[in-house]
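The two complexes that follow have chain A in common; it is paired with chain B in the first and with chain C in the second.
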Partner chain A sequence: MNLESSYVDLYMANMDLLREGVSDIINKHRSDAIESFNLLGIPTKKVEKYKYTNLAERFAEDFEKYFTPKHEAVDLPSLFTCDVPDFDTYKVYILNGFYYGDKKLLEENGVVFGSLAEASFKYLELFEKYYNTLADNQTEGVTALNTAFAQDGVFIYAPKSATLNKPIQIINFLLSEEDTFVQTRNLFVFEENSNVRVIICDHTLSAKRFLTNAVTEVYVAPEANIELVRMQNEHNLSTHVTSDYVQQNEKSVFISNTITLHGGMVRNNINVVLNGEYCENHTYGLFLSDKIQHVDNYANIDHAVPNCVSNELFKGVLDDKSTGAFNGGIMVRRDAQKTQAYQASNNLLLTGEARVYAKPQLEIYADDVKCSHGATVGQLDAEALFYMQSRGIGKRKAQLLQLYGFAYDVVQKVGIEALRESVAELVRKRLRGELARCENCSINCG
Partner chain B sequence: MNILTIKNLHANIDGKEILKGINLEVNAGEVHAIMGPNGSGKSTLASVLAGRELFEVTEGEVAYMGKDLLDMSPEVRSREGVFLGFQYPVEIPGVSNVNFMKAAVNEHRKHKGLEPISASEFLKLMREKMAFVEMDSTLTSRSVNEGFSGGEKKRNEIFQMAMLEPTLAILDETDSGLDIDAIRVVANGVNKLRRPDNAIIVITHYQRLLDYIVPDIVHVLYNGRIIKTAGKELALELEEKGYDWLKDDK
Partner chain C sequence: MEEQDKILHEVTSGEYKFGFVTNIETETIPKGLHEDVVRLISAKKEEPEWLLEFRLKAFRHWQTMTMPTWSHLDISEIDYQDIIYYAAPKQKKSLNSIDDVDPELKETFDKLGIPLDEQKVLAGVSGYAVDAVMDSVSVKTTFRDTLAEKGIIFCSFSEAVKDYPELVKQYMGSVVPYADNFFAALNSAVFGDGSFCYIPKGVRCPMELSTYFRINALNTGQFERTLIVADEGSYVSYLEGCTAPMRDENQLHAAIVEIIVMKDAEVKYSTVQNWYPGDKNGKGGVYNFVTKRGICKGDRAKLSWTQVETGSAITWKYPSTILKGDDSYGEFYSVALTNNHQQADTGTKMIHIGRNTKSRIVSKGISARFSNNSYRGLVKVLKGAVNARNFSQCDSLLLGDECGAHTFPYLEVENQTAAVEHEATTSKIGEDQLFYCNQRGLSTEDAVGLIVNGYAREVINKLPMEFAVEAQKLLQISLEGGVG
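Up next, the complex of A and B:
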């Protein structure tokens, strides 16, 4: 049986379970999505967008799939203190894709956040208006698969002019005695002039193989100012696919920063549509890979209207035999005059066996725009190393200073100040080789 | 007190011999100027003394404070008190001047068996030494030399020298690319760092810098050898007559 039919069969066999616990607004999208998935399948390397990352191979592996929350008898917050923050956040725990906690929906300053499943009953109108409106089920097989199977995840709703003084921190845990496949679905709606910071941390807590297929829809209303920081810190047995769909409207600002500290295979899809004039988009990413890890970032910024600014910067440091890819698209549509769109991908290879593939793709149909792109792949600068040595700094330390200097470009873009310091420290640790496994992790996953 | 003794030093790059038997003795309290036409080996000599791996020493010996200098790694040379002022200071994106200097100062302290410097002490030291070279304080938080003007880069070199207080400073064409005011500032900085127990080697093309940093001894390096050594008046003579009369002499 081929991969597609096995997932379709799985869907058919568990349809009733999937439909439980969520409202019809989520359920009504399932049948179209599974049909679409059946046509699209999981991308192989033959699909141009996935040329460097063989997802089909991973999705074909044998994983347990749970359709009811399987909460081990653990107290997550006490078991695990996320390394990112010793700082104050509103925490939301997700265990194996399902919301974890007694109070399913929280509210601060009018901002609602918590379980997507629970919210789908309570906020029918919002779900009707936004759920599955941004996700691309027509061309992305993994997204269609998620839509067909979506059961829970995080819902955030910030009403007009709402401001949160602390970030919302979503902590995704993977903890199971079996190899497990998890599909998380998030929906974030930020109304006019709202101001919210969100951090998403991913962690693996047991030495099993995990496959995560997450879809996040982010609606950013006019003049909203939103920041999303991802801290990906999973072990080498994990595969993690994220697909973000962001729609920005007039004069909104959206900053995303994807920091991949650790992970077996990671593929991040970031799709942004600039749908209103005078938007500002900043899409940043940093990955640090070693051993045979693989990190692939795909970012596509669609300038659909005039007068928007977008700025993409992705950096990678690759050690050992690790591999990486960057595929950055900028689309400037015919009417999108006065667009400013910048993109850069810089990569450092620390060994002769590490590989990185950088592919900038600009499609410009307007004639009055400012666009640039650049990709570099290089080694540490020998001149700079000698310069530092000549000031008494040992070679190893000089290398670390240079590596950290390289990474700092992205780290400094993290807007949440307290988080920026933690990220900086984690990156330093990772570069020193002290984070050979995830922080606070007692399992030995190799 | 002898600081540096170079005996019959030969060095190659890519199999090509650049230094062909250098002999030089530098004592405490002295300022030496090394002059010479382009391509004579001045910068190579500076690089070899600082330990740049590009160059291969094929013959000769270098004693620094009685120790074998050539046996030390570049970082150990620095910690032992050798300082090279670069002709082309290197830009290091993402590494701030503060962090760079703090790392350097602490490595030097560790070498001497001292505890790392405290943050407040370090800031005080930085401020004091920056004043030395009239360096703009905003440069400290910026990445090392990144986007610095030619003058700022050279000031930064002398600032680093002031921070590390070397026993032997080798300044490789510190005057190149500087306007006359900047030369004066840089030279003043260097002069303030002159002590009876240290020595400075100034490598330069022009007499101009030597108006400000007055040398005790002037050497002419030509074709990998020192072909003339005299007092400071030699620099003036060179300015007037060029190098050709010396080449003919040879």
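Up next, the complex of A and C:
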């Protein structure tokens, strides 16, 4: 039996379980999505967008799939101590794709956040208006799969002019006794002039193989100012696919920063549509890979209207036998005049066996634009090393200094100040090899 | 602003000057493609058995393939059964002197500015040897004797098959195998004529060698092969030019160019491509789907591609270099200009295999009116390519708000000592630049010309003198009215 039909059969067999616990607004999209998935399938390397990452191989592996939350007797907050010290946030816990905690929806300063499933009953109108409107079920097989199976995740709603006094921190835990397949679905709606920071952290707490297929829809209303930081720190047996769909409207600012510290196979899809004039978009990413990890970042910025600015920067440090890929796209549509779009990918190879693939692309249909892109692949600067060594800095230290400097270009773009220094510290720890793959895990599964 | 638009419009509305048809008796075979056609072509060319076998193998493979669709091009469906695969201008059997060439043909090439008469060329300042190919046959190769004195073989592909079968057998298909891609397979099955060139060890070719391709007959496709072998320590500069009559239907041109560069040798391959681009409404024009690839086989070999692409309704080609020898060097310089409804998806591939290999890519795209111009390139550094170095620069210039410019670079690096850089910019002609020129007394029209010219200069400068002049003229015609 082929891969697609095995998922379709799984869907058919569990239809009732899937429909339980969420409102019809989520359920009504399922059948179209599974049909679309059946046509699209899981992308192989033959699909141009996935040229360097074979997801089909991973999705074909044997994972346990749960359709009712299996909350084992664990106390997550006590089990987990964040790598970022003294970091004060509103925490939302997600365990194996399901909301964890008694109070399903929280409200602070008018901003609502919590379980997607719960919210789908309470905020019918919002779901009607936004749910599954941005996600691309027509060309992305993994997104269609998520839409068909979506059961829970995080919902955030910031009303007009709401400002939150603390960032929202979403912590995705993977903890299971079996190899597990997890699908999370997030919906973030930021109304006019709202101002919210969101941090999404991914952690694995048990040494099992995990496959995460997450879809996040982000609607950014006019003049909203939003920042999204992803900290990915999963062990090397995990596979993580994220698909973000962002729509920005007039004069909004959206900054995203994806920092991949660890992870077996990571594929981040970031799709941004600039839908209103005078938007500003910043999409940054940093990955530090070693062993046989594979990190692939895909970022597509679609300039649909004039007068927007976008800026993409992705950096990677590749050690051991790891592989990295960058797929960048800038689309400037006809009439999107006065667009400014920049895109850069820089990669450092530390060993002879690491490999990197970069594909920065521009597609431009308007003439009065300023667009540029650049990509480099190189190694540590021998002259700089020599310079430092000649001044008494040990070779290892000199190498690390260069690596910090390289990574800091992205780290410094983290807008949340308290987080920025901590991220810098995490990156330093990571580069020194001191960062725990997963907190409280004694098994070195790397 | 309006005036500027008007000038840009004038600049971009040039006419094609080589669209005439030569009224010459042509021998053609019926339309269609099947195994018998392949056999017929082979028989017409009196080919040996091994070549027929090669053609048939390629044809059988081609039948299993489908046309690729990954390009950023809008190609109307091609009916491969509606093409004539062999057309030859009728002329006397053997050519001993220029007087034997059909006057009609001679006139055609004179009109195109291609001298088939050696005497005339010698009277000029500098000469270059030409292999003139019309439709499926080579009409005349000049200066063969002069070149033969140095041991250089320069002749039509058909003659090479007869006279130097060992060389052809050894190298044909060694860089572009028949199964390489859809159009390479098609070409390998039905190729007509082309040029063959062999430069022996240590010889520096005393003149520019050149092939001129001309499509003349109606409903034909042109499928020629060029094979260049530069033996150790040799040097040759090779030029290719092409034109076609104006016709309402699309004509297919699917050629193969293979270049083998041995140790310490250097080959410069320049193309000024000016196939008929179709009319202003996008009707007609040549589909230029070409496979060009060279290999730097020995250490310190050098291969340089330069192309000026102004013609063709659709250009789809990636002249590539395999850098196999240590310290070998590959270059790619390109200007691609698309106007009206033209489309181009062109670029290069640099495959670094040997140690200390270097490559440099400079691509300049110019799009006007409704055209779409894409750069697509691959830089691949394999595991053993220690200290590989690449620099790519791909700029796009947009003249008008209805055209498109796209960049699709692929960087694949598997060696840590490699340094690979790619950069690209896209913009229109800066108003400040125009203002600067205007302020100094240049009309906007002259200023546009000056800027476009300067923009393409880095590439044009790489062309041999005669071609540089022609290329500049071509840019001028293609952007009629502005470039001076």
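One rule holds for everything that comes next: the second predicted complex is superposed on the first by the 438 of 446 C-alpha atoms of A that agree within 3 Å, B and C clash if a C-alpha of one lies under 4 Å from a C-alpha of the other, contacts with A are read in each partner's own complex, and residues count from 1 in each chain.
The rule is short, and it goes like this: a contact is a pair of C-beta atoms (placed from the backbone, for glycine too) under 8 Å apart; a residue touches a chain by one contact, two chains touch by 3 or more.
Please read these numbers as outputs of a predicted model, since none were measured by experiment.
**Student:** More residues of chain A are touched by which chain, chain B or chain C?
**Tutor:** Per-residue touch count on chain A favours C.
**Student:** Answer with first, second, both or neither: which of chain B and chain C does A:394 touch in the superposed model?
**Tutor:** first
**Student:** Tell me which partner A:60 touches in the superposition: chain B (first), chain C (second), both or neither.
**Tutor:** Neither chain B nor chain C is touched by A:60.
**Student:** Would you sort A:354 into first (chain B), second (chain C), both or neither based on which partner it touches?
**Tutor:** second
**Student:** Per the contact definition in the header, classify A:373: touching chain B only (first), chain C only (second), both, or neither.
**Tutor:** A:373 contacts chain C only, not chain B.
**Student:** Check whether A:48 is in contact with chain B, with chain C, with both or with neither, and answer first, second, both or neither.
**Tutor:** second
**Student:** For A:408 in the superposed arrangement: first (chain B), second (chain C), both or neither?
**Tutor:** Once the two structures are laid over each other on A, A:408 reaches chain B alone.
**Student:** Regarding the shared-chain residue A:383, is it in contact with chain B (first), chain C (second), both, or neither?
**Tutor:** first
**Student:** Between chain B and chain C, which residues of chain A are contacted by each of them?
**Tutor:** none
**Student:** Taking the complex as given, what residues does chain A use to touch chain C?
**Tutor:** Residues 48, 334-335, 337, 347, 349-352, 354-379 of chain A touch chain C in their complex.
**Student:** Touching chain B in the complex: which residues of chain A?
**Tutor:** Those in contact with chain B are residues 381, 383-384, 386-395, 397-398, 401-402, 404-409.
**Student:** With touch defined as at the start, can you tell me which chain C residues reach chain A in the complex?
**Tutor:** 70, 72, 381, 383, 396, 398-428
**Student:** List the residues on chain B that touch chain A in their complex, please.
**Tutor:** 50-53, 73-75, 77-79, 83-84, 86, 89-95, 99-101, 103-104, 107-108, 111, 143-144, 160, 164
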